[in-house]
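Across the two complexes that follow, subunit A remains constant while its partner is subunit B and subsequently subunit C.
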Partner chain A sequence: MNAPAATQHRAFSPSRIAAIASNTLLELIRLKVFYFLLIFALLIIGCSFFLVNLSFQEQFQVLKDVSLGAMSIFTWLLAVLATAMLLPKDIEDRTLYTILAKPVPRLEYLLGKLLGVLALLFVAISLMSVMFVLVLYIREQAAIHVATRSMAPAELAGEIASIRASTFTVSLIPCIVIIYLKAALCGALTLLLSTFASSSIFTIIVSVVVYLIGHVQPIAREYWLATNDAGAGTKIFLALISLIFPDLTAFNLVDDVVAGNAIALGLFLKTAALGVTYIVVYYLAAYFAFSAKEL
Partner chain B sequence: MSTPAISIENLTKEFPIPFKRERVTAVRDLSLRVEPGQVYGLLGPNGSGKSTTMKIVLGLVSPTRGRTEIFGRDSTRVESREDVGFLPENPYFYKFLTGAETLHFFGKLCGLSGKKLRDRTKELLALVRLEDAAHRRIGGYSKGMLQRIGLAQAMIQEPRLLVLDEPTAGVDPAGSREIRDLILDFKKRGITVLLCSHLLGQVQEICDRIGILHQGLLVREGRLDELISIENQTELILENASPELLADLQAAVAKSTARVVEQRRPQTTLERYFLEVTSDEKKVKGDP
Partner chain C sequence: MKRRLLVLFVALLAFGAVKVPYEEHLERVHRAAFFHGAKLDLGLREQIGQLGFLAALSGFRSLVADALYIHAHAAWERTEWGRMKLDFDAVTALQPRCVLFWDQAAWHMAFNASIAARDNPKQPREALRIRDQRQYWKLGEDYLLRGIANNPERPLLYDRLGFLYREKFKDHCKSAAIYAECAKLPGAPQYAHRFAAYELAQCPGHEREAYELLLALFHKGEDERLPTLLRILGELQEKLNVPPERKVDTRAPSHP
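Presenting the complex of A and B:
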């Protein structure tokens, strides 16, 4: 009997990447990572009950502060914890051998894993945004109801307009997008660390340390430069540190949104571009580390 | 001469030892060819370099020196794996996927999709007799079922070469026989098989050629029947031979330069005997 015919190879296959990405998303969902969304829901609902003694503007500010802050923390945690175990689990279970024994380039395998995590973060942040918007809408309606009962008709229209202007501002959308990009950046960094780390715990600890450094290093750098005479060598060193460890404070637009400030389009695009650039750079670095890894 | 299924030329693999200058040599100057359609047994004790050789052939590990090719394609290149199906030792798949989903996933990795993938999945599940367990999660599969789904995923893209690492390890005799029969079926279909196994009895039944590795060196290589036959002895099996005929034969041998080394009744194998006993339902129910 004749053996099967030789098969043509496709050098780059979006369908292979999509298969790995969707499998990764399914794996993470079946790990029931979304249970944490219950905690988020309880947090923002619980928070809204303690706000009744504040003015409506203060209520909306606190609600936005707590919700967006919790979104930022939860998506970052999800990014780090979900990504940290992906590669080590595949290596330990030897599933990686079976996958890479198929005509799957390591570039596509890693990209599929990253896209799976980004898809998970997108689903998580979408669900959290829906919950947040729902709670905000309920508070808005409650404030309108109170105003309707207590204010004179002549002042009511202005008061309702003021309430609505305080709740749903256009800045909410870019703020949530930047929160997503910050978490995605942390996920890409965690993927890079996991390509050469010896264990998931090590990856998680280093990711947490880098997260802290990312929030502290701009302040520390400015303070050092202001209080010391820095030579060229020191300045280059500090510049390298600021490149390797991303300035995560640049992704914090929550304070502006809470204060009711508009986020300029230029600032949003610059921040988004920074996030995307870091994701791409970390992914490429992860690929170079992984391509040389002996299995 | 046709393109060999596997060509290994002067393959050496050294692993560095952390914080030391010395290196561990897992494979030393190995050269061998596996022709298309053969079942080739790569044997050796633990640590002899079989797994390292297999991983290099599959492109999972890069060689220190030498070259490996699959059907003429350098095995360090991804395209060489278009023609390869691999079943690792103690296969592990994503526990959260069902059997059918597992085949779907690996099929997509090999470029299959749509109806072709669905039909192929159905065909392979029938081949490995897992249709009833197709929608059960892999986490609930027995060892034998894992090996069978592993064989199915190795076959998903109709490869020309199968690399099987201990395909029957830990499997009961009935399951082991099924897997062995599948391998013989693959051979009939013209698929080349590279087999690593410690179960030498099975290797003897299936393989055409073998290579024996020891401490990274290929110490023996060739056709199985030539390697294990005892050159100056002949086996003659008779049925319904009378004692007189046996006596005449003994007398004829005594007159020549040959000698009778052993005279005994041939035996069935313990495996065949076990399968006869355990597959006989009447006996299990207590019927004679």
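Presenting the complex of A and C:
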């Protein structure tokens, strides 16, 4: 009789990563992080009623700005707060030791954690998008109803087309994807910080500071590359900011899209490629730091 | 661990050396597609305050612009024209690609504030009231010109500027030029090319040019033969002494 063949241990297992990712997602959901959706819903519904004195173009402009701005804030906050507590919580609960005592490489552990956060962000932004589209649709129908009652039939078709063009347009979809990528980038960056940070608070504070610096990075970069009369100290300081910090303004396309700009496919892909590259690089850097960490 | 962090730092610097040219390229691509056009300078910081400026810098400039726009709307309801102008300056600086904001800023200045200035009961001298009125027209024109500079491919602001020149400045030559520019743009209103010809007919020295334009429109077919076009074409035929054999029938078609 042959003994049952022992399951061969694989160096890289997608199923192990999926298990860690789904567990991370479940843990985060159990922390009731989705309560923020209630705030989001109240914000956009409240906003849509608050603006009734404005014309419908103004209402839709503000509603889209507020909704997409809120999406951006909430996904970023979620990315930073959820990621910052991942490793400290696992260390505190001792689950990290249980997992790593098994033949689970740290690479997979970290990837599973990151994918769990990315899944959480995906669920959050999808739910917010659904709410956003729903509120926009309700307001659109209300505006069409008012127009139907008040306008002559000859002018009605043009007015309805104008109302529809002011509400949800296809160009908003790449915008939402870019918001997601920006939040995912911030999540990956927070994961990197948390691999050598001493506490969650430290990680959160540094992440917020990096977020702010990331938005002035293009100014530093421009000054660094264009100015020759700055002192050596200033040049080195600007170079460090430009080289180390991500350019987060590259992901701020939503303001101009709501204003009527369209995102060309090439532009969207180039921006998305930058976001994905940042995520991969920060993840690899996090692994590099985490692989030698004494636990 | 410290050695590892040092290696990590150097690796991030190396990645930075690769990413900076790409970020530069991406910024140029974005700017060519009219993204990131807002100029967040110290003048704007003074207008919107430190917190607003920080929010604008952090990627929430549209939210700050909306808040200021609502503030401007409230200022309009209270007829605080100076406050409204300051708010609109900040709004348009924050969101230069939003034609709605340029349009509303220009409209409130040229059509609401100007009339309030003309009817200002606190100013007994009519000459000063007229001067104030004209200054508000100029402010409206300035918003539209700056709006067009930031949105050269969008016809709405050209249309509004043509209207402003026609209705307020009575400058038909400028109005004709702007309507003609508007008509060239994709998505321009159907009347833009006709209005360009109508305005040109009232621009001294350009009657012949206007006549040729209107005649070309007339020959395009029934859809272009609107009452105003027929009337102006008829007037120009008389004014330019067009020979009878070359005159077209400008009588409005009678409908049963």
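In the analysis below, the second predicted complex is superposed on the first by the 268 of 295 C-alpha atoms of A that agree within 3 Å, B and C clash if a C-alpha of one lies under 4 Å from a C-alpha of the other, contacts with A are read in each partner's own complex, and residues count from 1 in each chain.
Going forward, contacts are C-beta pairs under 8 Å (C-beta built on N, C-alpha and C of every residue); 3 or more make two chains touch, one makes a residue touch a chain.
The shown structure was predicted, so the numbers you read here are calculated from the model rather than taken from an experiment.
Peer 1: Report clash or fit for the pair subunit B and subunit C bound to subunit A in the combined superposed model.
Peer 2: fit
Peer 1: Counting only touches as set out at the top, which of subunit B and subunit C does A:Glu58 meet: first, second, both, neither?
Peer 2: Second partner only, subunit C.
Peer 1: For A:Ala232 in the superposed arrangement: first (subunit B), second (subunit C), both or neither?
Peer 2: Once the two structures are laid over each other on A, A:Ala232 reaches no partner at all.
Peer 1: Contact-wise, after the overlay, does A:Glu294 reach subunit B, subunit C, both or neither (first, second, both, neither)?
Peer 2: A:Glu294: touches subunit B and subunit C.
Peer 1: Figure out whether A:Ala152 sits in contact with subunit B (first) or subunit C (second), or with both, or with neither.
Peer 2: The answer is neither, since A:Ala152 touches no partner chain.
Peer 1: On the A-aligned overlay, A:Ala264 touches which partner chain: subunit B = first, subunit C = second, or both, or neither?
Peer 2: So A:Ala264 only meets subunit C here.
Peer 1: Determine, under the contact definition given at the top, whether A:Ile99 touches first (subunit B), second (subunit C), both, or neither.
Peer 2: first
Peer 1: Does the superposition put A:Leu274 against subunit B (first), subunit C (second), both, or neither?
Peer 2: Only subunit C is touched by A:Leu274; subunit B is not.
Peer 1: Contacts for A:Leu38 in the overlay, against subunit B (first) and subunit C (second): which applies, first, second, both or neither?
Peer 2: Neither partner.
Peer 1: Of subunit B and subunit C, which one touches more residues of subunit A?
Peer 2: Comparing subunit B with subunit C, the partner touching more subunit A residues is C.
Peer 1: Touch check for A:Glu27: first (subunit B), second (subunit C), both, or neither?
Peer 2: Only subunit B is touched by A:Glu27; subunit C is not.
Peer 1: Give, as a whole number of angstrom, the minimum Cα separation of subunit B and subunit C in the superposed three-chain arrangement.
Peer 2: After superposing on chain A, subunit B and subunit C come no closer than 10 Å at C-alpha.
Peer 1: Overlap the subunit B and subunit C contact sets on subunit A and report the shared residues.
Peer 2: Touching subunit B in the first complex and subunit C in the second, residues 294 of subunit A appear in both lists.
Peer 1: Would you tell me which residues of subunit B are touching subunit A in their complex?
Peer 2: The touching residues are 15, 36-37, 55, 58-62, 71, 78-79, 81-86, 88, 90-94, 96-97, 105-106, 108-111, 113, 150, 153, 157-160, 163, 188-192.
Peer 1: Can you list the subunit A residues touching subunit B in their complex?
Peer 2: The contact residues of subunit A facing subunit B are 1-4, 6-11, 13, 15-16, 18-20, 23, 26-27, 30, 93-95, 97-105, 294-295.
Peer 1: Contact residues on subunit A for subunit C in the complex?
Peer 2: Those in contact with subunit C are residues 51, 53-54, 57-58, 61-62, 65-66, 68-69, 72-73, 196, 211-212, 215-216, 218, 221, 225, 242-244, 247-256, 258-261, 263-264, 266-267, 270-271, 274, 277, 281, 285, 288-289, 292-294.
Peer 1: Going by the contact rule set out above, which residues of subunit C touch subunit A in the complex?
Peer 2: 1, 4-5, 7-8, 11-13, 15-17, 19-20, 22-24, 26-27, 29-30, 33-38, 54, 57-63, 65-66, 69-70, 73, 95, 97-100, 104, 154
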